[in-house]
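Here come two complexes built around chain A, the first alongside chain B, the second alongside chain C.
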Partner chain A sequence: MTAYLANLATLAAIFGILAATLNVAVGYAGIFSVAHAVFFGLGAYAGAQLALLVVPDALLAMVVAALVAGGLSLCLALPALRVRGEYFVAASLGLQMMATTLFTEAKGLTGGMGGLVGIPRPMILGVEVPTLALALTALVLILLATWLMARGSFGRTLRAIRDAESAAEALGKNINAAKALAVAFACAGAGVAGALFALHMSFVNVESFTLDQSVLIMAMVIVGGTGTLWGPLLGAVLLLSLPAGLSFLPFIPPTEIGAVQQILYGAAMTLLMIFRPAGLLGDMRTGRKA
Partner chain B sequence: MSGAAHPLVCRDLSISFGGVKAVQGVSLALPAGKVLALVGPNGAGKTTLFNLVTGNLRADAGEATLDGESLLGLKPWQVARRGVARSFQDLRLFTHMTVRENAMSATERGSWFWQAGDAKARAARVEEALAATGLSDLAESRAVDLAYAERKFLSMARILAAEARIWLLDEPASGLDLSSRQRFAGLLRAANARGITICLIEHNLDVVAELADEIAFLDRGVVLAVGEPQAILRDKALAAIYFGERAA
Partner chain C sequence: MRLSRRALLGSAIAAPTLARAQGGDPYVLGTLFPLSGPNAEYGKVFTEGVQLAMQHAEAERMLRRPLRLQAEDTQALPQQAVVGMTKLVNVDRANYVMVGFTAVSKAVAPIGDRSKTVMVNGGAVGPDLAGLSPYFWNTIPLAHLETREMLPFMMRRNLKRVALVYVDDPLGDAILGIFRNDLPRAGGELVGSFSIPRTAQQFGPVAARIRQTRPDTVYIASFGAQQGQIIKGLRDNGVSVPLTSYSAMNLESIRNLAEAEGLLFTSQQTDFASGDELTRRYATDFKARFGSDPGTYNTNYYNATRLFCLLAGKLERENKEVNGDTLRAALLEQKEFDLVGGRATFDEQGSMTAAIQINEVRGGRVNVVTG
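Moving on, here comes the complex of A and B:
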């Protein structure tokens, strides 16, 4: 039971990182991406390959994963950020579809559908460390960085862009640079989460980095509250706990848990959008009619 | 018409949207330290002219220059960093930010995690802008919660805090009551006295008469007349166009 709870807590911390970093793009900058799982995957494959081929050093894996995911996000985001709103959502959807195919087909790097197996346990300076401790530390550092960013000038710039992009630009803000930086930060964080995931699971394959996963991460942000520090973390814990909680209910057959979970997700999202459109921890005034 | 006497100059600016010639060969010069009002009926091309100058639109022909340097091809943020601030008809406030954050954001042009320059000086500029616009007591209110006139003054506070030397104001006094309008006029006069060059789009001719040193009258994308306020406002032919009484 302890191992089960530790595993759940580790996954909650990893998905907390994913939700918190996506929130920087969605909640602060107003950039709605449904491709966060792509950068989660890039980080996972980068971290896994480093551990398999070079050294299973957790810190190095996280740094490399952040650089790969953050760097590639810049290459992909710079052209995509020229489009706004729903067009960016469509562009990110295209990226997600393309990446899923590439993850499946680039067998030399990703292992294809079979994935990468036998990823060594994480170590720091040759000493094995529990992934829960690593994930919680990374989560705290990312939340701290987000908090500092949100209360500073960069956070104001992102919120200005979210509220009125043309006015922000008219005040001398290079909005494309700010948005690219926000996306790079978010995707680098997703890369860190990916490396932790790979080291924790000892196995990764494309099924963890599909559109469903991106939508789940987006749901975590929306349920918890976009543009809040703690909301995405709460969303991650709630949405991860739901399937775990359902499995303890004796009247739901194990084979039906997936379907019940989908129905509950859908109902919860609908009710939330009606009664708390800003999410559980979001500003109640947001989303109300004037 | 360039340099110190006329910092912002438009030469033969033109743009069409499909078959509509929104601005046709407009040449205008903003006299330094003066207030130029753009007057004309709806659809005359006044806001389009602002958009061409600030880089929100690319001209089909002609160019705008600032201190003799072409603004052609510059993005709006690059034009803003050269000292040109603008307001919008629909205000475009940062609605979910506080009044103070709105003004503070206008002082922060850097796009990275830090800002160049003195943070205390920026904060002082913000407080000055809020005091000048009468918004100090509302500094912690969200922009979306303000009354209409307060929102108008917040858009002016952002421009004040931005420390631009040329202001392009798009209908800044529309919808204001008499008292607010007087406050607004005082704000503009004070800025003008500090040497700020102002170009104003305004439908309220009382405001125009009170503030403008010069008026440019536009219709259907063309400048029909430029001159002193009294001469333009007394012109019966222009008045007929303005009030929609001309023959088709």
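Moving on, here comes the complex of A and C:
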């Protein structure tokens, strides 16, 4: 049972990182990206290849993954600088679809649909370490960075851009630099999560980095509460533990668990949006129409 | 999906009762199948095979201890599969886990390898599944073996100019390799090969390009819900030549597709009408319980479950513990087993080879064309 719970906690921490970093873009800067799984995938492939070809050092894998994903965040930042709102959602959707195809076709780097197998377990200085400890440490550091950022002038700038971009620009804020930095931070964090995911799973393929995954991460942020520190983490834990918890309910026949999960998922999301439109920890005033 | 929910519900409720009928803690048979999402039809089909084999094992008293089915929904995705496999290994203490789908198989193989839990695939046919782990076995002939058997049949039917539509994955790549290398040697010609993304749903442009190659047959190397869409897309866009494929086509949704009339596909040999007693009883009982003729996947997972019963029964008779190591040793010691469809042979990697037959879809039924 301990190993099972540790596995769930590891995935929750990894997805907590994903949700927390997406929250910086969505919740603070108002950049609604449905391509977060792309950067998750870039980090996963970078971390996996490093572990397979060079050394399975977890810290190095996370740094390389963050650099690759953060560096390539320009792919997302460029459209973010030109369009906003629903137009940006469409642009990020295009990026997600293009990246999924690239992940499938770039077999030399990603293994294509067959994926990368036999990724070594994470090590630090030659000693194997549990992914849970690494993931929790990374999660705490990212939450701390987010908290510090939100309290500072950069956080205020992002919120100003989110609420009234033109007004923020009129006040002399460097909109482009702030957006690009927010996107780079979010994508680098997703890269770190990707490296941890690859080292934890020992196998990655494109099916973990599709639009469905991006939507799931977005759902974690929305369910928990956008623009809050703990909301996305709560959303990640909730959306990951709900299916796991349901499989223990004795009155659901095991072969019906899939259908029951989907029904409960849908019902819970609908009820949540009715009664907590701003998310579980979100500001109730921001969720409803006046 | 007729009968599915009720049948599965009934058997799930009955399972604990069956478990109490025999003594001792039950052997836990875990399944990691898609029970929701676009591939849920496969999960239902796979599970039916397992359930019937459990019913037969209980009736025959093949084991001293009862059997318990523990199903986990993977949605055919690796992440969910890892969560399910970790639960099966660490919480349910599964003795034997049945899996399907390539990505799921690859994702759970390291966990099964570390815990020395036997995993058996009866659904995915990618050639890269051979040798994933000493504890990872296949009760389905991998696709490249099936495709090779199709070539002589194609030549006899004068289907010499072949166009291939394939998903760009290890399965598709392997089949493309066979058509490039083995088809010319058999006397045929690969007149066109068309790679499609796994998520593609529109096949009009592909059909137009296929028509330009003037093939005698179009071979489809895909799986899941996409198969039916390809067949419909080709027929709707004027491709009228015979369609050929492999065992993934043996699904009710394909059989009932009007456009699939005349579809030829390979599967492992199963003579339900005049085969051995085990095969005939399987076909009769399957129809009685589920209301339809069994398909390839039903059979593969029946065989996977039966294989466990045969191996565990042997170990019980020898007063040995039933675990991953002893099951593997018993498999490698015997290697040949009487399963549905006839005698099956396992190699050192735990992959099964069996005789292949060609089937044809006619009037919503699958007819054996040649063995």
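By definition in this document, the second predicted complex is superposed on the first by the 277 of 290 C-alpha atoms of A that agree within 3 Å, B and C clash if a C-alpha of one lies under 4 Å from a C-alpha of the other, contacts with A are read in each partner's own complex, and residues count from 1 in each chain.
Definition applied: a residue touches a chain if its C-beta (ideal position, glycine included) is under 8 Å from a C-beta of that chain, and two chains touch if they have at least 3 such contacts.
No experiment lies behind these values; they were computed from the predicted model shown.
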### Query
Which of the two partners, first being chain B and second being chain C, lies in contact with A:L11: first, second, both, or neither?
second
### Task
With the two complexes superposed on chain A, say which partner A:M201 touches: chain B (first), chain C (second), both, or neither.
second
### Message
Quick check for you: in the superposed arrangement, does A:A3 touch first (chain B), second (chain C), both or neither?
### Response
second
### Query
Touch check for A:E256: first (chain B), second (chain C), both, or neither?
second
### Query
Can you list the chain A residues touching chain B in their complex?
149, 152-154, 156-157, 159-160, 162-164, 166-175, 177-178, 181, 227, 283, 285-286, 290
### Message
Going by the contact rule set out above, which residues of chain B touch chain A in the complex?
### Response
54, 56, 75-77, 80-81, 85-86, 88, 92-97, 101, 104-106, 108-115, 142, 144-145, 158, 162
### Query
Which residues, counting only chain C, touch chain A once they are in their complex?
5, 8-9, 11-13, 34-37, 40, 43, 47, 69-73, 75, 77-80, 82-84, 86-87, 89-91, 102-103, 106-107, 109-110, 126, 128, 132, 167-170, 197-199
#### Entry: Interfacial residue positions of chain A with respect to chain C in the complex
1-4, 7-8, 11, 100-101, 104-105, 112-115, 117-118, 201-205, 207-208, 243-244, 247, 253-259, 261-262
